[in-house]
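Presented below is the structure to which this report refers.
Think of it as A, B, C and D in the order they're written, each chain with its own count starting at 1.
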Amino acid sequence: MSILVDDDTRVVVQGITGGEGQFHTEQMMSYGTNVVAGAVPGRGGQEVDGVPVYDTVEQAAREEDANASVIFVPPAFAADAVLEALDSPVELAVAITEGIPQQDMAKVYAQLEVSDTDLIGPNCPGIITPGEAKLGILPGNIFAGGDVGLVSRSGTLTYQVVDNLTQRGIGQTTAIGIGGDPIIGTDFVDALAYFEDDPDTKAVAMCGEIGGQDEEEAAAFIGDHMDTPVAGFIAGRTAPPGKRMGHAGAIVSGGGGTGTAESKIQALDDAGVPVGDTPNEVADHIEAFL
Amino acid sequence: MSILVDDDTRVVVQGITGGEGQFHTEQMMSYGTNVVAGAVPGRGGQEVDGVPVYDTVEQAAREEDANASVIFVPPAFAADAVLEALDSPVELAVAITEGIPQQDMAKVYAQLEVSDTDLIGPNCPGIITPGEAKLGILPGNIFAGGDVGLVSRSGTLTYQVVDNLTQRGIGQTTAIGIGGDPIIGTDFVDALAYFEDDPDTKAVAMCGEIGGQDEEEAAAFIGDHMDTPVAGFIAGRTAPPGKRMGHAGAIVSGGGGTGTAESKIQALDDAGVPVGDTPNEVADHIEAFL
Amino acid sequence: MKLHEYQAKGVFAGAGLPVPESRLASTVDEAVAAADEIGYPVAVKAQVQVGGRGKAGGIELVENETETREAAAAILGMDLKGLHVDRVLVESAVDFVDELYAGVTMDRAKGEPVAMVSTEGGVDIEEVAAENPDAIAREHVDPASGLQPYQARRAVFEAGVDREVATDVARVLTTLYDLWAERDATEIEVNPVMVTADDDAVCADAVMNVDDDALFRQSELAAMEEEAAGDELEAKANEYGFDYVRLSGNVGIIGNGAGLVMTTLDLVDYFGGTPANFLDIGGGAKAERVTNALDMVFSDENVDSVVFNIFGGITRGDEVAKGINEALAQFDEIPKPVVVRLAGTNATEGMEILNTDLVTVEETLESAVERAVEYTEGNQ
Amino acid sequence: MKLHEYQAKGVFAGAGLPVPESRLASTVDEAVAAADEIGYPVAVKAQVQVGGRGKAGGIELVENETETREAAAAILGMDLKGLHVDRVLVESAVDFVDELYAGVTMDRAKGEPVAMVSTEGGVDIEEVAAENPDAIAREHVDPASGLQPYQARRAVFEAGVDREVATDVARVLTTLYDLWAERDATEIEVNPVMVTADDDAVCADAVMNVDDDALFRQSELAAMEEEAAGDELEAKANEYGFDYVRLSGNVGIIGNGAGLVMTTLDLVDYFGGTPANFLDIGGGAKAERVTNALDMVFSDENVDSVVFNIFGGITRGDEVAKGINEALAQFDEIPKPVVVRLAGTNATEGMEILNTDLVTVEETLESAVERAVEYTEGNQ
């Protein structure tokens, strides 16, 4: 089993005719993902790699039974593309786009609360259920099917941890990169709840980073609601306060002692979650759980 | 019994320091309404006729346990005043103000759907439960306690019908003027549902007018959901199509045959609701029900 | 408040919408000069606020000066559905291959704005709505968020607008919505949006109605309001601040509150008479307003009798009676019989004051109307 | 992007917010001339983007020319928390009776904007937030609707702002929110809002940070962006388009993806070293970016060794290897030892290409970092 995406996921790619959209559509398809449609306004009727393109997500969902969308739309138009997905029959939208203005995302977030559609991202690598479906830009070859769930705010750090797992023969149910922006759809708590409900996920690796309070909230959730064991990693222990390090999310606010690596590690520790000093140590903890 | 307002209604008057607000506060109090506070920004700490004034509705509700608001705020600021009431602990807001811009009301309407507070109006005479509470500008002396509910889009027409009832010894549980604007809070269906649920209301008089489809919807509701008998009146049978007659609501759209007096009378007739040719005939029908 | 086509197009152009080049003209010579500046062919369009101007002969397409003179001479001064044409818009004629409809209005049943688009443009859209409702794609709009670009695209593609012009039309629709919201419109319609052979979208007509209640914050639009053309009595009502509609009958009607006044009209009809007008003096009216109202109804030559029906709520019966007395005191002889019915607040006090030598008093609404209709019967 | 106080106040003034009269000055003479124009007393304020300027001696209140000369001379050229002061704002001094705080920011936990007001102005608001959180009234805002006037009033009255100035402060708060929304700000703070003896509210300071991702639609604000003052390497990183932060250690770090680069820094620390920088070359980097990144890290005199850690996703290992080879080919002698670790997409191909005469190759993240730290040990 898996969470959110699997063999039955039928993907529409928003922005399929763009460079990135086209490249990753090929990659997703060659991984075996069921890409059934593209959606680009004004490009309806065309084909990209044999995939029919529609003018709207609505049409793609209606004509091709698409139930998930992956969004490769430039930042200035991406929030509108996400809103289009949220207001369509697709059940899951995965926004890869980096650099969406924060206020656009605040408006998207307000709509998320009234939409039945889940959002992963933006500014994320996507989601993969090894051997079944890959929605996004994750390098498929490092993943392997298995019984560990993975959720991470960071892209390449995800790959690193997955690699540490796969190299020692530990496969994954599903891996989700939730993205490092200040405002995102699916967060740690959402993803952990899905993994807790998935009978095939025997352990979860969770990669956080400094900034915000998401890891603290995740720790509280784990302590209160999870039986599945979780191992954690927090990037940015050495980041100086107030310095922006790549992710908009990775700013230590300094206010009230939260948001720092220390507060996150402490919170996880309090919830009984072992935190690795290195990515490889996370794999050690996971291995010990199994 | 009664609907929405009674002896336990504790009223805050928004705009109590204005001319209309002050006059009708006196009127409401002399009718016996429990006016416990006023709310006017910057006027907190003052008193009007012995009623303490607060700066916000929130404070009035907290300090004086106000659970209903009557709004006498000039049109340019009235929508904000309604929003304040909707976002406060009061359970009922009655907006008397006439001439609120339509787009302001559209925004209020969107908030109504997520608020726990009911709205009556705007541009309405208010609501009265004879002998218990009067919220608004209705002339209290023409009402009498009894077992007939009344709901009307028009102010003075309400008085006319009430007078016809009271004159022949038929009293009222509660009378509501819902207002004639295109966008209002409580509509016919809402009010009829309240009356249907009120065991003391033995019959309902409903006064509609041309324009919109509210009476048609009310007719459908009566046919499907009401056991309490309803008698109706429709004003504007002789109004020429397309002419605006006072109320913004009273425009016959001409599109699709709805909105005209004929379509409304037909719909009520189909739902088994007798429609009087004169206000007095409405009283005849009501008398026959009792 | 309805804007004229030329006013609405000015507003549209200011918002960046594609409108044809045009000039306003009040004389034949001005029309010819305008056509010369713009370049032929041009359309000469009567600037009156009625629908169906084209069918009624109020729009002519002309190719040269002679035709312009002819058309302008014919249209200027024309009576178009009861309205006098005193200006024409001379406008560059659009060479179109397709006509669409785009509009924004309030869906009062849902309390939400709705944006609409259809490929059935250039014809009566209400007919389309009645006969083929699916030909109009509709998007309801959260008034706080506004019409989102994806919604506009969805509507346009659902309506079946050609793909080559679809995104332009979607942009027209979002701009129309933004205008609707920013300018407190109650209705905006472009019928037709013309599609040219080059796949450009052009707003060839423009209807824009503005919320009277919002004019206080729309100073630019408020400044466009003109004296009500045509009916002198309606102009007077405007001046007095009455809700007034002139009708074709002979029973003059004055009352307070739209619903009650409409009911009074209906009762006139019920008792076999015909109403001469709708006149609502509003809530809380003082003596002076009452005097003005009587003055208006007396000025209407068609009126043979007057029914004065007041149910006092905020309006006080004694104030009304005072106003009636004052108004009638001006006359040596009362010009038309007046029936008065007072009820509600201070009705008893009013009855005491009322000079019953000058008016007929009735107790009930029904009897008052019946009496007023009777008074007209000798004159029919 | 952070605006300078003078820039933010310009934006505020444009939105109709009350700000004191002020002039920008780069020399002592300009400061004196500005003070003369404005009239004494004035405040002379260092224009650098750090908090706590007052305590650090960057703000002086002066009464006359002598004091202005002294203050301007002292502040201009001053080093304030590591930043060079080259301009001062000379500003009319507000005679205040009270100091408030007003601000708007994003509450990322709720995904909603929040407007804040407090009577505890003029002091470190983060301390207030930590020690007395109830002293700050907060209103969360639906970003589609914006901050409603009643919300602003509720916050202001809840905070306990004096009634006489409350509605003015509420108006300041709604205007700050509108600016925040219209100008794509991530944070706006006025600390203090000064209240004068006449019950006027004046924005005496102004902090405004703008979303870098939204500068494409904020041309006026984007034009205010200046070359990063001070650090030459950070300026260079800006030019190359890298996410770069200079730190105080001696292990140069290059990687792809913020999380992985932060992890690399953490591992340097874990193995007993100190990171010299954070440098994220981003996703899908081609050879040229790799060359630029190496160039940057080599330019940092503090760097004794470099660890190059790439986990290919979109980024391809062969492209990275090519870039490393090209960058190192420029040197007769490699200036600093470079440890390379490639994993993920095309890592094998990259390893084959890589000129291992010039770099040390490690298989794992841990071993790569450990080796780089070892290389620095001789130099410590």
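Assume a contact is a pair of C-beta atoms (placed from the backbone, for glycine too) under 8 Å apart; a residue touches a chain by one contact, two chains touch by 3 or more.
In this text the structure is predicted, and so the values were computed from the model without any measurement.
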Original post:
Just curious, how far off is chain D from chain B if you go by their C-alpha centres, in Å?
Top reply: 55
**OP:** Could you grab the centroid distance between chain B and chain C? Build each centroid from C-alpha atoms only and quote it in angstrom.
**Re:** 28
**OP:** Could you tell me the distance, in whole angstrom, between the mean C-alpha positions of chain A and chain B?
**Re:** 51
**OP:** Could you list which residues of chain A touch at least two other chains?
**Re:** 107
Original post:
Multi-chain contacts in chain C: which residues touch at least two other chains?
Top reply: 142, 144-145
**OP:** Using the contact definition from the top, classify how the chains connect: line, ring, star, complete or other.
**Re:** other
**OP:** Would you please name all pairs of chains that touch?
**Re:** A-C, A-D, B-C, B-D, C-D
Subject >> Complex contacts: residues of chain D adjacent to chain C >> reply: 142, 144-145
Original post:
Across the complex, what residues on chain B touch chain D?
Top reply: 41-42, 44-45, 55-56, 58-59, 77, 80-81, 83-84, 87, 107
**OP:** Note which residues of chain A are touching chain D in the complex, please.
**Re:** 75-76, 99-107, 109-110, 112, 125, 137-139, 141-142, 152-160, 163, 180, 182-183, 207, 209-210, 212-214, 217, 233, 235-240, 243-250, 254-256, 277-280
Original post:
What does chain C use to touch chain A in their complex?
Top reply: 145, 148-151, 153-154, 157-158, 163-164, 166-167, 170
Subject >> In the complex, chain C residues that touch chain B >> reply: 106, 108-109, 111-113, 126, 129-130, 142-144, 181, 184, 186, 211, 213-214, 216-217, 243, 245, 247, 255-263, 265-270, 275, 278, 280, 283, 311-314, 343-345, 364-366
